[in-house]
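You will see chain A twice below: alongside chain B first, and alongside chain C after that.
After this line comes the complex of A and B, so read on.
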C-alpha cells in the first residue's frame, strides 16, 4: 500500500531522502556561516589593514607575479631531472636492502646505513654540505655548479625515503608467491623482476606520488646555495619592497601545481582501496 | 661604607635618569620609559659591530648607536640591545625595538612600510672577487663576463641588474657567510657588497680574494644610504633625526667613521 501512495518510494526511502536533504542544508549553512565569519570578522581585527598591505597587496602581486612564474621554471627544471634519478636510486637501494645472498651482506649494510643517514639528517644540512662542500674540494667549472650538487643532495635524501617505500611494497607481496615462482624454476633475479616488482611498484604508486609532491616543494631548498628559483626570487622582492606578498604569490604558484597532484594521489589511493576490498 | 657608596651611586643614577626624562625630546616615546632599545642583526657583522657584542660600543654602528643615544639624553647603561632579522623588522604590527640598525639601505619602497632616520652613512658599493678573478679590470665591460653572486636580501641585487648587467644570471644567497662559501668553492667569481663589508671579507674571511673596485657613491642616482629603521609613524623619528644631524654637524659622525671604517680611498673607482 505504501508503494502506491509515495509514487514508488517506501517510507524508509522517504525518510532517508529527508535526512539527506537535512544534512545537505546543515552542511551548506554551516559552511556559509564559517566563510561569512572569516570574511566579515577578520577585517575587523585592528591590524588587518596593515596585514593586508604587507601580505595581500594586489599591486605588489601584479608587479612580481610574472617574475615569480619565470623563476618557477628553475624549480620545474630541477624537479624534472631529480625525480627520475630518485626513482632509480631509490629502487636500487631497496633491492640492495633486500639482497638475500650471504655474500651480498655488505650491500645490505650499505643500504641500511644509506637510508638511516639520509632520512635522519635535515635536508637543508645535506644541501649545504654537498652543495658547498664537494665543490669546495676544488672541482673546475662547470662541475662545481650548485645545480649539480644541490640536485644530488635532493636525490640522495629523497631516494632514502623512496627506497623505504619500495621496500614496504616488496614486503607486501606475499612470500608464497616467491616460493611458487621459485618452484616453477625461475631464478631469484627473475622472481624479483617478473613476479615481485611489478606488484610491489603498483602497490606503492600512491605513496610515491606523495613523495613527488614533497620533492616539488623541497626543490626550493636549493635557493640556499645560489640558484634563484621561486623562493629566492620572492625573497629578493620581499626585501626590496619590504612586503611579504611575493611569498603569497609563490605559494599560489605552488598550490596551482600541488593541488591537482594531491587530488590525483588521493584518487589513486581510493582506487587501490576499492580494488583490494 | 661601601654600602652607602653604592646606595649614593644608585640614587644618583636614578636622579640623572629622572632628570633627562622630563625635558628631552625622547621622553615618553620609547618602548620602555627611560630606556633606548636598539635592534641589530643576529649575528652582527664586523666592522659594524665587533665580536657580535654591540653593548661594548665597538664597531661603527655600535659606536654610532651610543653617540645617538647620548645625544638624545640616554646614558650608556640605558641602551638596551635586542636582535632582529630583516623579516621581523618589516612585519606588520608592533615592534620589539625603538630603532633597528643593521645597514638598512633607505629605499622609497621600504619607506612606505617602515620609517627611516636620516642617513648615518653613505655606502659605496664595491666589487669583491675570488682568487681566480683578481686580475679583472675595474671596468663595467670586464665585470659583465664574471659569474656574480650577492646576498639576496640586499640592494646589491637591483644594483647588479641595473648597473653591471652580467652575461650570466647571478647566484643569490641568504647571508655573507654563504657568499663566502660560494667564492671559496669557486662557484662565483665576484660578489657585490657595501665597501666596508667587502674590505673586511677580503682582508679577514676569504683567502686570496680582493676588492678590485668601488662604484662612486654619489655618481649613481641612488647611492646606498644607511638609516635606522623604525616602525611606521614612530614619534621618535624627529628626535633621532635631530641627534644624527647634530652628530653630523659637529664632526662626531665623521670621527666615528674614521675610527671604525677602514680608509676606503685606496680602492679604485669603476668606470
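After this line comes the complex of A and C, so read on.
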C-alpha cells in the first residue's frame, strides 16, 4: 500500500534514506569545523613559527627523504628475515607448551620459561643484552654483526608473544572438533596437525597481522646497537642539519607502510566477526 | 556372544554420577534405541562406548574383548566404532569429500585415488553426489549430518553410534536423515542410537532402553516398551513424550 509513493520505496526505506542524509550532513559539517579550527588556531600559538621551521621544513624534507627511504630498506630487510623465523619459532613454542607426553615435560617447562622471560623483559633491554652481550664473547666476523644478534633479540621477544597468540588460537577450536577427529581413530598428533592447527592458525591471522605491524616498528630499536636504519639515519640528518624534520619524514614513511597494513588487519578481523555470527 | 556387551558401566564427572552401573547387550545387526530425558546419561554412554570418555568402573566387551581396560590404546577401537554427533562436528576448513577421506587416508593409509571409488559410491548412496566438493557451511543441516554419517562409514566401522543426530535439525530435514538409518539397518549395520524421535524408535528399533538418572530403568522390544511399559517412571516419561 505504502509502495505507491516515490519510486517504489517503502516508508521504512524513505525514513532510512532521510536519516542517512541527515547524519552525512552532520558528520561533514563537524569535520569541516574541527579542521578549520586546527588550521586557524594552531598557527596562532606563540611557538608555531619555530616549530614549523624545525619540524615541518619542506626544504629539509625534500633533501632528506630519498636517503631516508633508502635507509628504510634496511628495516624492510631485517623485518623480512625476522618475520618468518618468528612465525616458525612461535608455533614451535606454542606446541611445546601444549605437549602432553610426560617425556616432553622438559619442553613444556622450557616453553613456559621462554614466554615468561621474553614477554617480561622490555624489547630494548633484550636488544641491548643480546646485541652487545653475544658479540662481546669475541666472535670473529661476520658472527659479531649487530644485524644477526639484534634480529635474534627481536625474534626471541616476538616469538614469545606470537606463541601465546597461537595458543589462544588452539584453545579457540571447539573441543567437539577434537572429539570428532579422535572418534574416527586419528592419533592426538594427527588431530592437532589436520584438524586443530589449520583452524587455529586461521582464527589468529588478524591478531598475528597486528604483531607484524608492531615488529615493523620495533625494527628501529636495532639502531641502538649499530645498524643505520631509518631512525638512525634521521638522527644523523638531525645532527647535520640541526632540524627535526627528518624524524617527521621517517614517521611518514612508517605510516605509508603501517596504515594499509592496519586497515587490512582490521578488515580481516571484521570479516571474522561476521563469519562467527 | 553379543557384538557389544556392557557390564556395570559407571561414569562420573567429579562427584556427579552420569552412568550408574549400566548393563546392555547389543547383538550383531541390531538397532538399539536409548530414550529418556535430557541428562539421563544417553549421550555419555555412547561417548564411553567409543572411548571418548574413560569409565570409572565396569567392562565393555566388543567382540568379546574388554575395550575398557585402562591403558588400552583407544585408537584402534575408535576406528572400528563410528559415532555421529548431534551438532555434526564436520571440519569446517575441509570440503565434504576431504572430511570423509581424512581418517581413511591417515588411519587406513590409503591414497586419495584409491579411496575415490568407494567414497564416491558412499556419497551417491546417500544422495550427496553433487555436494562432495562443498564446504560444510554451504550445506543444509540435513546434508551436513548425512556427510557426517558418510565420514564415519568411510572407516568401515562394525558398529555405529548415533547421538541425537536429528535434534539440531529443522523438522522437515529430520526425515532425510532417519531414512539413512533405515537404509543402514537394512544393510545389517549394528547400531546404538540416543534419540528423542519416539515414532522412529517404535518403528525401527529392535530393542528400546529407557534411561533415567544414569540407569536403564526398563528395556524391551518397542511393542513391549511403548505398548505396555511396566515401570511407573517409564509410563510417566512416555506420557509426557508422546503427548
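The rule we apply is simple: the second predicted complex is superposed on the first by the 268 of 277 C-alpha atoms of A that agree within 3 Å, B and C clash if a C-alpha of one lies under 4 Å from a C-alpha of the other, contacts with A are read in each partner's own complex, and residues count from 1 in each chain.
Keep this in mind: a residue touches a chain if its C-beta (ideal position, glycine included) is under 8 Å from a C-beta of that chain, and two chains touch if they have at least 3 such contacts.
Keep in mind the model is a prediction, meaning the values are calculated, not measured.
Participant: Label the relationship between chain B and chain C on chain A in the superposed model as either fit or clash.
Facilitator: Overlaying the two structures gives chain B and chain C room side by side.
Participant: After lining up the shared chain so the two structures overlap, which partner does A:227 touch, if you call chain B first and chain C second: first, second, both or neither?
Facilitator: First partner only.
Participant: More residues of chain A are touched by which partner: chain B or chain C?
Facilitator: The partner that reaches more residues of chain A in the superposed model: B.
Participant: With both complexes superposed on chain A, which partner does A:179 reach: first (chain B), second (chain C), both or neither?
Facilitator: second
Participant: Is A:28 in contact with chain B, with chain C, with both, or with neither (first, second, both, neither)?
Facilitator: Neither partner.
Participant: Let me test your reading of the model: by the given contact rule, A:202 touches which partner, first (chain B), second (chain C), both or neither?
Facilitator: second
Participant: On the A-aligned overlay, A:132 touches which partner chain: chain B = first, chain C = second, or both, or neither?
Facilitator: A:132 contacts chain B only, not chain C.
Participant: Taking the superposed arrangement, what is the smallest distance in Å from a C-alpha atom of chain B to one of chain C?
Facilitator: Scanning every C-alpha pair, the shortest chain B to chain C distance is 49 Å.
Participant: Where on chain A do the contacts with chain B and the contacts with chain C coincide?
Facilitator: In the superposed arrangement, which is not itself an observed complex, chain A uses no residue for both chain B and chain C.
Participant: Going by the contact rule set out above, which residues of chain A touch chain B in the complex?
Facilitator: Against chain B, chain A makes touches at 47, 50-51, 53-55, 132, 135-136, 138-141, 144-146, 223-228, 232, 235-236, 238-244.
Participant: Taking the complex as given, what residues does chain A use to touch chain C?
Facilitator: Within the complex, chain A touches chain C at residues 176-177, 179-187, 190, 194-195, 198-199, 202.
Participant: Going by the contact rule set out above, which residues of chain B touch chain A in the complex?
Facilitator: Those in contact with chain A are residues 86-87, 90-93, 107, 109-110, 112-114, 147, 149, 152-155, 157-158, 169-174, 178, 181-182, 184-188.
Participant: In the complex, go through chain C and note every residue touching chain A.
Facilitator: My answer: residues 47, 50, 52, 74-76, 78-80, 82-83, 85, 87, 89-93, 102-103, 106-107, 151-152, 155.
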